[in-house]
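Taking it in order: structure first as C-alpha cells, then the write-up.
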C-alpha cells in the first residue's frame, strides 16, 4: 500500500467536499423561511431581540458572504452555534455521534457476521432449497419497511412478552453492559434486518461470479476440496466488490437511523437531525449534513483502502 | 507503381494512460513514426506480436483513432486534417472489418438494418433501392437474401464475419482495413473467409491492409508485408522478400516461431527469449534489442532507421548487412 | 509398470441446459502411455475440454455429469483406478499430485489475490504437507525450472505483474510442483503470441523428457500438433473420428474432416507462390454440429464431400486403419 | 391514605430538551419547573400564588403602586426567608435583580425576554425586598420574567449565559435538583433534601426521591412504554391514544383544562375571506360536535376566544350555531354561485382556499380533514398545505395561508393584542380593526379589575361578531399517569404541570 | 470470374432463439419473479380499477363513525378509520398514489440517470469529469436526510415529491449507464457504425443505448422499490404527501397509533408496502438473471 495512493485519494476528496458544501448551503438557503422563526414561536420575543440574534449569527449578511464565512470557520473547526440550543454545533454532534456509532457499529458487525456465511452458503449451494430459503428471506428483509418492523417488534417483545425494553439507551442508574445490551437488541435487530438481507445478496452474487472463474477451477485441479477452495480462494475475491457496498452502507445505516432512532428514542444523530429540521437550525443542519457527507467520503476512502488491501491489482499498479 | 491509393508518412499515435487530476500519467507510443503506401488493388499484410500497434495503426488510417502526428493521404487527399463533415463523406472510401464476429455486429439490429445503415446515414436511395442493395451485398458475400430479416445471433461465426464484410462493402470502398478477420474463427471456417476475401479483392480491385497473426494466411493473401514491433516498422517488403529473404532478426524469429503443419522439424530456429518490454517504458535505441540474439551495444545508441536494402525491401536494423538470416 | 497411464473407455458426458440435455462427449476412447504426448484436436465445441475436465472430474455437478464409461488411471502405486467412480475425496488427493492440469487462459487461471510463489507451492503444501519455508524454496526452484528470471523476486509478485507468457510458465510450474505422472494441458498456448508459444512448447517438451509425464495436449492448431505431439486424436461432434501417430495424420489423413482441416490451412509453398499461382484453399462448407440436435448418422456427414446414404444411416464405427491408427469413416479407404 | 415518601417517577416527554435554562428553551419547561422556581406561580385555576415571594403584589396589599400620572408602576416583592439554592447558598434579592439584568443583556440569546424591557430599574434595599420600577403599567407582569424562574447570581455572575454549565444542570431553589442531563435521553431530578417547604403534617417535602424525564420523541413509543410500565406519567397524550388509556390496567387519564383553545383563522389579504358573509357562512358550516368526537370527545365547544376556565370569560358572547342552510343562504345572498363541481364561484373565482395545519400532527390533520369535508358541503374547497415545525409558525406569522387551524396556549393573564391588534406580533392574518385596538389598549394598560372585565367582554363580543377567528374547541390537557401517582394536580397554564411536584407522591 | 458459393442458411447451433424471447423464457422459469410480476400486475389492476368499484370516496367521512376506528364489517371490509372513512377504499386509493410515486420516481431517476450517464460515458473527457463529479457530490450526501430536508423545506405536493424522490436516486443508474457506455462505445459494432459515418447522437441512440437497456431496466425496476420505500418512510415521518390524499405510508402512519386496538388498520398498508416492494425486487432479480445467465 503506497502512502501516495492514500494522499492522492484524500486530496481528491477535497473538491468533492467543497461541491457538497455548496450544494447543501444552496438548498438550505433557497428554502422559504428563516432560522429565526423559531423565536417567533413565543408571542413575547421583541423585534429588537430578533435583530440582536440575527446579527449574532451573521444572518444579516448576503448569502454568498455567509457561505464564505461559514466555510472559513468550518475549516478551522468552528461549526458555529446551534440556533436551537445555543451550544457549539460540533459539540452537539459529537455527543450524539457516540450512540449512533454504537448502534450503527454493532448493527454493521452483526450484519457482517450473519450476511457473509449466508451469502457463502447460498452461493455455494445455489439452486438448492437452502439457497431459495436464504434468497426469500433476504428479499423479505429488504422489502420490510423499517418503521413497521420496529412497531411490531416493540409490540411483541416489550408490550406482550415484556422481555425487552422498548426504547432508550440504558436504564437510569444502571447502564451496566448487560443493561445496555438489552436496550440494543431491538434497534439493532431492526437496523440489521435490511443490511443483512442486502449484504447477503451482494456476497452471494460476488461469490457466484468468483466461483465461475478459471482460478477456482485451477484450485480444484490442484486438489483442494470445496470448503477450502471457498475459504482460501473464493471468499477474498468475492469480498472485493462487496467492500464498497458495505462501506457505503455503513453511512446509510447511520443516516438511515433517523427512523430507528426516533422510534427507539435513541439519542443519536438521526434524531438530532429531525429536531434540527423542525427547528430550522441552519448551522446544525449544515453541520449534520456535512458530517454525513464527510462520513460517506471517508467511507469511500476506507473502502478504497480495503479494496486495495484485498486486491493487489489496485495496490501494486 | 503509380500514385498509391493510401500513402502514410511518419504516422504516430500516442495514448496517454493513467492521467488523473494529480498525475501526469505516461504515454504509450502505440504507433511511432510509421510510413507505408498501398497501391490500388494491392494487399499489404501487417504482422507483429500482440500489442505491437497493428490495430491502432489500422484504425488511425480511418481516423477512428486520432493520430498524434504524421500524414495519411487517401487518393492524394489528407485525411488527418479533414473537417468532420468531409470525413463522414470520405468514410465511404475506406472501411474496416473486425476480428471478433460476435462483437462487431449490433445484436439489436437486423442484418438488413446493419447493411443499409450507411445508405441511411448518407440518405441514399429509396426503401426499395436499399432492399435491392442489401440483397446484392448478401449475395456478394455468399449469403442468401433471406438473411436480411434475421438478427446476428442467428448466424454462426463464419456467417457473421461475412456480414461484417458485406457491411464494409456497403459503401463501395476502395480501401479496406481487415483487422485479423480470421483469427477468431475456427480453422475449418477460416478457409471460407480467406477465400472470400481473395475473391472479393480480385472482383472489386480492392486495396486491403490485412492485419494478421497467422503468417501462412498473410503469405497466402498478401502482395507485400510489413512487420511491426512495439509501434515501429521493423521490416517491409514483398512476400518473397519477407518469407525467403528476411533481413531483420525479428522477422526471422517470427517466421521460425510460426507453427508449421509439416513433418519436417527445423533445427536452426531463432528463438526469442523473454516477452515484449513494457510499452510505457520502451528500451532505448533499437526497440527490439532486449530480445534480439544479435544485439550489440551499438543497438542501444540510436533508433535504427528504416533503410532500403533492396528495391522495396526496407529493414530497420543496423546489422542487417552483417548477419545472415536466410532460412536454411 | 505396464499398461497405459490413462485409458479412457467409452466416456459419455452430459449437460443439463436450458434447451435440453446436451451430450457433449458421446463415447470417447483415448489412451496415453507414460512419456507420451497425445494431441487432441478438433473444432470449437467438439468436446475436447469436456473430455479433459471429465478426466479431472471437474465437470460441475450442478450442470453436468459423467454419464458413462471408464477413466482408468494407473497411479504411482501401480494400482489402476476408475476415476469416473472415485469419490471426491480420493479424487482430490490425486488432483495436483498425480494428475495435473493447465488451462488456456493464463490471465484468469491464476488467483489475482495470491502471490505467485504461494500459488505454485499450493499443491505441494496440500499433498506433501510442506512447511511455509520449504514451500517457498520449492516455488523458487520451480520458477527456475520454468526459466523465469529472478525467481526470488517473482515469487513475491502477483499475477497481474507478469506478462502472459510468464503467467503460463507459472501455471506450468504450479502444475508440475508435485511431479505428476499425467499432465492435461487444455490449449495452453492459444492465448499467447507465436514467439512466446514456441518458448512454451519447447519448455513443455523439455520438462516432459525430464519428468517422463504423459501429456494430453488439447489444441486446434495443427502447427502446434506437428510441433509437440507423438500421437494425435481428432474429435468431431463429441466423438473421436481419427487417431494415429502424428506424422501419419499429417501426411495421410484417413477421415474427411481431418483431411479438410489440413487442406484449409495455407501451406507455405514458396516455389508455387513465387510463380504467382495460388491454390484455392480447401474449405469445409457449413458449420459445426448442433450438439442438441446431432444428425442420426455420421456427425460430419452434412459437411462431407464423400457422404452417401450409408453415412446417414448409422454412426460409423471406429475402424483400424493400420497398426496404429483408427478412423470413424466407412469410406476411409477411398480417402486415403 | 397517608402520603408516602420515596420512589422514582418516570415521566415521558415527546420533545427533545434543548437547554435546561428556562429563559432560552424553545419548549415549555416541564423538567425545569421541578428545579427552578420563580417568585410567583399560577395555580390550578390560573390564579397566581406566591412561591419565592411571600405574597402576590396587588394594588390592595400595596405591592403595586401606580405613579401619579398613572403611566408607570412600581412593584415590591417580599422574599421568603430561609430559602437556599441547591448548592447551599442563601437565596436573596440580589439574585432577583441579577436575573433581570442577565436576561435583559443583549448578548444573552434567549427565547423569552418579555417583561425585561418594561422594567426601568430594580432596587434591593435588603436581602429580602425587591422593588421593581416599571416604565409602564403592565397588568400582565406576573406572567413573565420572575415567574419563569430566578437565576443564582453567585453562580452566573460574569459567566457567558449562552454557554454556561447552568444550561445543562441549572441550580435552582426547587424541590428537585438536576443531577444528570444526557442529551437526547433523559434528565434526572433528585430530591432536594433542604427544600424550604414542609407538608402540613410537618413532613419534609418533596415526597418523591427522584423524577426522571425520559425523552421519547415518537408518540407511539411513548404509549408502548406507558403500557409496558417503563413510564409513569405523560402529560401530552394524543387524542387518538387517549381513548385507549382508560382500558389499561394501572393507568388513568386525567383530563385537565388548559388556557388554550383551537381556532380557525382567516387571512384578510384574501378578498373573499375579507367578506364577513363568507366568514359567517364558514362558522355556520362547522359542526363542533364532530370535531369534538374526532378528538376523543375530550374538548368542549367554545364560542369566545377567552376560554371558560378564565375569569374574564363572557358567557353572553354570541354564537354562530351549526346551520348549513343558513350558511348556504348567506353565501347565496352574497353572490357566491354554486359551480358544477360543487364549488362556489364569484366573479369567475372559485372559493378554494389554502388551508394550513401542522404537518405530522395527527390530531390537527384529522380536524383539517373534517373541516374540509364540512366546508365542502357549502361549496367551499379547502386545499391542505401543511407545514411542519417552524415552517408552520412561519406561515402563521407571515400570513402564508388562506385559512389556518391551530391553537394558542397562554399564560394566566394573556395579552390578546398580539393576536388581534393591528400589527400584532402574532397577527399574521393582517386583521385590523381600530375600534378593537382601542379596547385592547384599555384591557392591557389598566390594573383595575372592573375596567378590564368590561374591556374583555367588549373584545369577546367584537371578535365573535367580526369573526377574524372562529374559536372552535377548548384544548384540554390529556394526562396519562400511573394510578399510583397521587396529589397530581393539572395546571392549565403554559407554566406546565410540574410547578407543584413537591406534593406528589407514589402510593404502593 | 470469381467463384462465389452461396451458402444455404441452416440455423446455427444454440443461439437459435431471439434474445428477447430467450429472456422471456428464462424469466418465466424464475418462479419468484413470475410471482412478483403477477402480484404487481394484480396490484396495479386493483389500484386502477378499485376506486371505481368502491361505493366510497377515499375522503368520504361517515360523521356518525368519527372518533374511533370501526371494526371490519360487511359494509366496510377492512373497517373504518378514526374519521369514519372506509379503510379498504383508502388502501386501494393509497396504493394508486404509492405505486404512482414509485413508478414516476423510478421513471424520473432512470431518465436523469440515463441522460447523465450516457453523456458522461459517451463523450468522456471534460463532460465525464463534470457530470461524474456532480454525481459523486450527490452520491455523497446521505439520501434519506436530504429527502427529509427537501420535503420539509419545500412542502411536497405529489408532483414535487416524485421529483424529489426521483431526483435523489438517479446516481446509481447514472454510474451504471456510464460504465455500460464506456464499455459499449468501444464495441466493434459501434466503431463500425462510426466508420460508416454515424455521428454521436445516432451512435448513442441507435447503437449503444439499446444494448444497455437490460441493466437499465433492472436498475429502473429496483428504483421503483426504493421510491416506494422512500415515500412511505417520508410519509411515516409526516413529511410526505398531505392528507386526506392517502398513501400507504401515511395510512400506516396514522393507523400505527391505533395498532394495539385496531390492528386491522395498520397491518394491511404495511403488508401492501412489503409485498409490493418484495414483488418489485423479485421481478428485478428475475430480469437480472434472465439477462445475464449465470450458474
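Should a chain be cited, it is by its letter among A, B, C, D and E, assigned in written order, with residues numbered from 1 in that chain.
Throughout what follows, contacts are C-beta pairs under 8 Å (C-beta built on N, C-alpha and C of every residue); 3 or more make two chains touch, one makes a residue touch a chain.
On a predicted model such as this, the values are computed, not experimentally measured, just so you know.
Student: Which chains lie in contact with each of chain A and chain D?
Tutor: E
Student: Can you give me the shortest step count from chain D to chain E, moving only between touching chains?
Tutor: Counted as steps through touching chains, the separation is 1.
Student: Go through B-E and A-C and name the pair with more C-beta contacts between its chains.
Tutor: Top pair by contacting C-beta pairs is B-E.
Student: In whole angstrom, how far does the Cα centroid of chain C sit from the Cα centroid of chain E?
Tutor: The mean C-alpha positions of chain C and chain E differ by 50 Å.
Student: What is the distance in Å between the mean C-alpha positions of chain A and chain B?
Tutor: 54
Student: Using the average of all C-alpha atoms in each chain as its centre, how far is it in Å between chain A and chain E?
Tutor: The separation of the two C-alpha centroids amounts to 24 Å.
Student: Find every residue in chain C that makes contact with two or more other chains and list them.
Tutor: In chain C, 62, 285, 287-288 touch at least two other chains.
Student: Give me the residues of chain B that touch two or more other chains.
Tutor: Touching at least two other chains: 156, 159.
Student: What are the residue numbers in chain E that touch two or more other chains?
Tutor: Residues 5, 7, 11-13, 152-153, 237, 256, 259-260, 295 of chain E each touch two or more of the other chains.
Student: Looking at the complex, which residues from chain C come into contact with chain B?
Tutor: 43-44, 149, 163-166, 193-199, 202, 220-227, 246-247, 250-251, 257, 260-268, 270, 273-274, 278, 280-285, 287-288
Student: Can you name the residues of chain A that touch chain E in the complex?
Tutor: 15-17, 19-20, 23-24, 27-28, 30-32, 126-127, 135-136, 139-140, 142-148, 151-152, 155, 159, 208-209, 211-212, 251-252, 254-256, 258-259, 262, 270, 273-274, 277-278, 285, 288-289, 292-293, 295-297, 300
Student: Which chain B residues qualify as touching chain E in the complex?
Tutor: 59, 62, 64, 88-89, 91-92, 94-96, 98-100, 103-109, 117-118, 121-122, 139-140, 142-144, 146-147, 150-151, 153-156, 159, 164, 167-168, 170-171, 196, 199-200, 202-203
Student: Under the definition above, what is the set of chain E residues touching chain A in their complex?
Tutor: Within the complex, chain E contacts chain A at residues 32, 133-134, 136-146, 148-150, 152-154, 225, 229, 232-233, 236-237, 252, 256, 259-260, 266, 270, 273-275, 277-278, 281-282, 285, 294-295.
Student: What residues on chain D touch chain A, complex-wise?
Tutor: Those in contact with chain A are residues 8, 10, 16, 18-19, 24, 26, 106, 109-115, 117, 144, 162-163, 167, 180, 182-186, 188, 212, 214-218, 220-221, 224-225, 227-228, 230, 388-391, 393-394, 397, 400, 408, 415, 418-419, 425-426.
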